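The same chain A turns up in both complexes below, where it pairs with chain B and then with chain C.
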Partner chain A sequence: MKIVVPVKEVAVLDEEFELLEDRPGVDPDAIEWDLNEWDDFSVEEALQLREAGGDGEVVVISVGGEEAEEGLRACLAKGADRAVRIWDDALAAADPLAVARVLAAAVGRESPDLVLCGVQSSDGVHSATGVALAEHLGLPRVAVVKALEHEGGALTVERELEGGLVELLRLRPPALLTIQTGINEPRYATLRAIKQAKEKPLDVVGLGDLGLEAGAVEAAAGSRVRSMSHPDTGEGAEMLNGSPAEVASRIADIVKDKMSG
Partner chain B sequence: MARDPKYDILFEPIQLGPKTLKNRFYQVPHCIGAGSEKPGFQAFHRGMKAEGGWGAICTEYCSIHPESDDTHRLSARIWDDDDVRNLAVMCDRLHHFGALAGIELWYGGPHAPCMESRHNPRGPSQIPSDFEVNTHPRYMDKDDILLVEQMYVDAAVRAREAGFDIIYVYGAHSYLPLQFLSPFYNKRTDEYGGSFENRARFWKECLEKVREAVGDDCAIASRFAVDTLYGPSSIEIGEDGVRFVEHVDDLVDLWDLTVGDIAEWGQNAGPSRFFEENHEKPYTGQVKAGDHTNKAVVGVGRITNPDTMVAIIGSGQFDIIGAARPSISDPFLPKKIEEGRPDDIRECIGCNQCISRWEIGGPPMICTQNATAGEEYRRGWHPEKFHPAANGDKGVLVVGAGPAGMECAMVLGKRDMEAVHLVEADPEIGGCVNWISQLGHSDGNENIFRGTARGLGEWKRIVNYRQIQLDKLKNVEVHTGSTLSTNDILEYGAEIVIIATGCHFATDGLNPATHDVIEGADTSLDWQLTPDEVVKGEKQIGKRVLVLENEGYYMGVSIAQKLAGQGHDVNLLTQMGDIANYMEFTLEAPMLHRDLHRLGVGIHPYTMLEKIEPGVCHAYNVWKPDHKESFEVDTVVLCTQRLSNDELYHELRADKDALEREGIEAVYMIGDAAAPRMIPDSIFDGHRLAREIDSPNPAMPLPFIRERRLWGEVTNQDYEAMLQNTPDVEPMVVAAK
Partner chain C sequence: MSGVLVIAESRRGELREVSLELISAALGVKDDAGGRLAVAAIGAGAAQHADALGADGVDEVLTVDASTEHFEPHVHGAALETLIEQEQPTLVLLGHTIDSLGFGPAVAARHGLGFASDVTRLAWDEGPVATRGGYGGKVEVELDFPERECVLLMLRAGAFAAAEGSGGAAARAVEVQAEPRTEHLGFRDVETGDVDITKADFLLSIGRGIEDKDALPQFEELADKMGATLSVSRPLVDAGWMPNARQVGQSGKTVKPKVYLALGISGAVQHLAGMQTAETIIAVNTDPEAPIFSVAHYGVVADLFDVADELAEQFE
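Let's turn to the complex of A and B:
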């Protein structure tokens, strides 16, 4: 089974950060990069499916600048076979639909049996890229998968719904699933695997390599960021001082007051 | 990051007589084991706090004359000009970093056994010390009083010469001035006894004379126990406590306030097991609250939280935050607040291991949280600076994230090793601390004297601090819930492997008393338990419990306390003369005894088990083995000894070919995995290996400076030549006078 896993290097902000003045964005000094938490689980699920099947290939793909290579190398260290990083300066402000359009071109070239995305990214939190990618690829898709079994060429999938409900589905590949955290126990890479991952293939491709033009990507976008600002700070915070008992008593009074009001 | 403006109040200067304290962080006098005999230790330990932002740092108690000699314990001394020369090194180093230097002039009376000087201490009345053996003071007549008052003056003049800015007349922990003030010690009928004014006369005269001699140049401080907790027989806050402050307020520039006496000074240096942060407030807080002084007040209470500090100053409880233990645990506490990174503060856990070494009488101070405490000079260790390891390109695997493993991985990370992996079998890092920190409670209901059995929860700070630091280190990966086999380790790809897999309790009664197992001991049975099994709660515990305690520290008694608190009938046996001997040194023993007696625990010293049978344990008296006693039991807890989990280490070392084939260059073992020990010693072991990971043979500790007298012509360089590879600590910049 050939599985493609789109992953994202997400921005982790410091407690205090400044916004850029000349364009929407965050001061890069306040940003650290890390692999999206959901993608740890989608990569692990792909690796387990490949190991259970005995053969196949896991390809990780990311749209991002050089910072994305650390996350891709981490996926390679855990056991992914190849990595592809897609970048073009035209993608700097790409929204999830534009990213999905780019990914579609790259994933389509691979003709995978399965595409596993994370449910969402921890920085953007749109939950849009995966489902939009399925649409571009014309694949059946199941969002928010919390359990997955592969037997006899069919997938049995549990989907997490609101209120603790679970939807049970059966489908045949090819398909795209978005994977929820907690579906598995992601492995970690040993020092040896990390070293060996440096030798694994990591291709860097541009839009042209995928037969795309910047205009097509822009046309696929559904939104653009016009500005960013900090929310207004509210007023009326009251600091409570005193012993734990005094503070607890005061809190109880406030809660009673609010509830009766 | 800049500091949060809410902490600005902590950084406001305050005037102390002729001296200006630059901020509100003040290291009150505390012992370290340096005294005047180890000037390098003294100067560099205190200097580290000056570098870390403390506004003033004091010596430990400093004897003013050979007839106040505390040997077998270690004080500083300012008996002569040679002591001046050695203590001046500390003053110079503090001044270099912009801090004030304080000295606590001390005369012990009957509490000074004079085992080195063989002098005879004087006292207000001829009553022996309540804790020393057979030390009777010589009764002081009027001439003796004048003589001792002159000793204070002479010492103060020498202290000024050494460079001290703040000079104490120390009474607090029931030393001579307070002995005169307290009717518990003072039974005199002359003008120095009886009425309050008479009892206060000696202390007042000492302050007057010291002030007259050096008060224009130095701030005059006095350390005073506002309540000795003896009730009407001694000093009570509402009586002589505030009365004395008012009586001599004009003579001091700074009040350093405490509670309790020396015989049970754990009421002052309160262990976290029984006392919470700022626990002295009900006593010391009354002095300013009642408007009894016009002078600056510093007070303590194991205050580690910057918000508590702000509340203390903001509410007018104290003007200055005093700290002994919190300053040992984190010499850079003020700097970390100032730099807007309070989450980096290494908070004191209140275990009192620092104090234990002074109580033992001589060893250098240690700290559970801060492995560099006491090592600033002799090993050249800095708590916050770590030079890059020369072999930083080696991959390191640390197996086990208990105290030793966490510390080792953290220091290796701070030394910029490129890749450190810390792998733990449990779901969380912390090792034994995770269950030990759940001990120390009993029934949770009643106060014991002044504190409560509130447990060892603050010991979890050992884990919290390291967790936060490890999270920040991008070159350290922490993986939990992963058990590694020998083969996993071989194939891991690390060049350096460090085994930190901890230890376990003996399951068969193997013990230090008989060097043998105990017949019938077997914790695989459902009614026999090791201490960790009691905490984990997977085995049913019956009504009648016997706890065998052979370790001499907190474990056996904590189990007895917990189970008695839950309503079990508990008998506690030890082969030693008393339970939990080491807790005498950590000052936890008095409160512990109170709680065990309150709970009705049967305590059986000098008693050992010879045989365990279902329903009954057979014991004997160690001095008369045919004196036997049987205990009917439902459950037995065996706290006899621990054994290292060292299988991985020995398996790895046994196959040298495999190590070579896999590219493993070195295998080390640290902490309890090498030999079970106390937590501070495990943390030290992990820290030591990481500090010396690039030394010629990291398995063997490097030599350290030994500040003993060298025969013949020597220079400071002769001592410092003993030290290698220590670029972290700033060298002495001012030559000793």
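Let's turn to the complex of A and C:
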């Protein structure tokens, strides 16, 4: 079974971050990068399916600048067979529909049996890229999968609904699933595997390599950022200051007051 | 192209609350969008929801009697495509819900629609303007959709008040041909567990900040001392440390206790959705920018273990 796993290197905002003044955006110096939490689970699920099947290939693909290579190398160290990084300056502020369009060109040429995406990215929280990608690829899809079995050529999946309700579904590959956290226990790479991952193939491709025109990103985008601002965090929150003992005493007073009322 | 099309949601025969929230959001921009509001119900037995969806200001209710008994993303997607083709709306509103996330982005991608998800505010400036969080809620992003004749927005559940009243809008059945590509096998309800956290007046809720499973007993003891019921955020359930029945949030329980004391919970959107209506929210977190502080009444920037140790003393 050939499985493609699109992954994303996400922004972890430093506590002190500044918004740019000349255009809507965050100061890049304020960003630390990390592999998206959901992608740890989709990669693990792909590795487990490959191991259970006895053969096959796991390919990780990311749209991102050089910072994305650390995340891709981490996936290779865990056991993915090869990696592809797609980049063009036009992708710097790409929205989920634009990313899905570009991913479709790269995933499509792999002709996978299964595509596993994370449900969402922790920085963008759009929950849209995977399902949009499935549409471009013409694949049946199930969003928010919390359990998965592959048996007798069919996939039996559990879809996690609001309130903890679960729906059981069956579908036939090729298919695309978006994977929820908690579906498995992501492995850690050994030091030896981390070293070996440096020898595994990591291709860097541009839009032209994928047969896409320079304007394809903008044409596929679903939205334009008009402005970016700091939200009114803590507007209603009264901050309690002092030593832990003083703060705990205030909390105790508030709790006793509210619970007796 | 003009007007607004709302896609209502139902599950197991019940209309979902988000449907009425979408209608109220639509009413806010209806005049700007061309003055017509149609609300569509998709699914087996859709016509039974027609009355409930005919809120004040709704011009027409469209019912699509789907071939599958339960939600099926490909059938719903095809139905939405047919409705857009027939109605030619400027704006389409869906819930940012698990069902709608299964087909909304697909239809937007296929037809080159303007698109945004998890939208919390909707305005109009020569076209729709959508506000949503960015960078995990640490910034607020305003989006517009230049040169898009039709824009599909997915609105966060609970972000808009529910529409009221019954204007008695006329209902019309719409025929859609669509084949399912997944097979429904059944539903499984969440196990109830030993405790019902939705009934508790005082919840001590712990999250990722506790870092280690071995720290759990300390908080079980603290909850006992304080007279609180222990609840958790998602990562502790994902890790298998606590049962789903104890989870607060979108995929867990929605709670409204008198006091919600959150230790080491940063406040992902899905968590806030499950507790933001609590009467008093007290949050302890090391990150002063943590989104939980935006819904908390009292906030403490501190190490949760330092505060927990002192709280144990207070409630000796």
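By definition in this document, the second predicted complex is superposed on the first by the 231 of 261 C-alpha atoms of A that agree within 3 Å, B and C clash if a C-alpha of one lies under 4 Å from a C-alpha of the other, contacts with A are read in each partner's own complex, and residues count from 1 in each chain.
Just so it is clear, contacts are C-beta pairs under 8 Å (C-beta built on N, C-alpha and C of every residue); 3 or more make two chains touch, one makes a residue touch a chain.
For clarity, every value in this text was computed on a predicted model and none was experimentally measured.
Peer 1: Can you tell me whether chain B or chain C touches more residues on chain A?
Peer 2: Here the partner covering more residues of chain A is C.
Peer 1: Is A:Leu171 contacted by the first partner chain B, the second partner chain C, both or neither?
Peer 2: second
Peer 1: When the two structures are overlaid on chain A, which partner does A:Ala92 contact: first (chain B), second (chain C), both, or neither?
Peer 2: Neither partner.
Peer 1: Considering only the touch criterion stated at the top, classify A:Ala193 as touching first (chain B), second (chain C), both, or neither.
Peer 2: The first partner, chain B, only.
Peer 1: Under the contact definition given at the top, report the residues of chain A touching chain B in one complex and chain C in the other.
Peer 2: Shared contact residues on chain A (touching chain B in one complex, chain C in the other): 185.
Peer 1: Looking at the complex, which residues from chain C come into contact with chain A?
Peer 2: Touching chain A from chain C are residues 11, 70, 73-74, 77, 96-99, 101-110, 112-118, 129-130, 133-146, 148, 154, 181-190, 201-202, 226-227, 234-235, 237-240, 244-245, 247, 250-254, 258-259, 261, 269, 279-280, 282-284, 287-289, 291, 293-303, 306-307, 309-311, 313-315.
Peer 1: Considering the complex alone, what residue numbers of chain A touch chain B?
Peer 2: Residues in contact with chain B: 16, 185, 188, 190-195, 241.
Peer 1: Any idea which chain B residues touch chain A in the complex?
Peer 2: 1, 311, 315, 395, 397, 419, 421, 477, 479, 481-482, 491-494
Peer 1: Where on chain A is chain C touching in the complex?
Peer 2: Those residues of chain A that touch chain C are 11, 13, 15, 17, 19, 24, 26, 95-97, 100-101, 122-129, 131-136, 140-144, 156, 158-171, 181-182, 185, 219-220, 222-240, 244-245, 247-252, 254-255, 258-259, 261.
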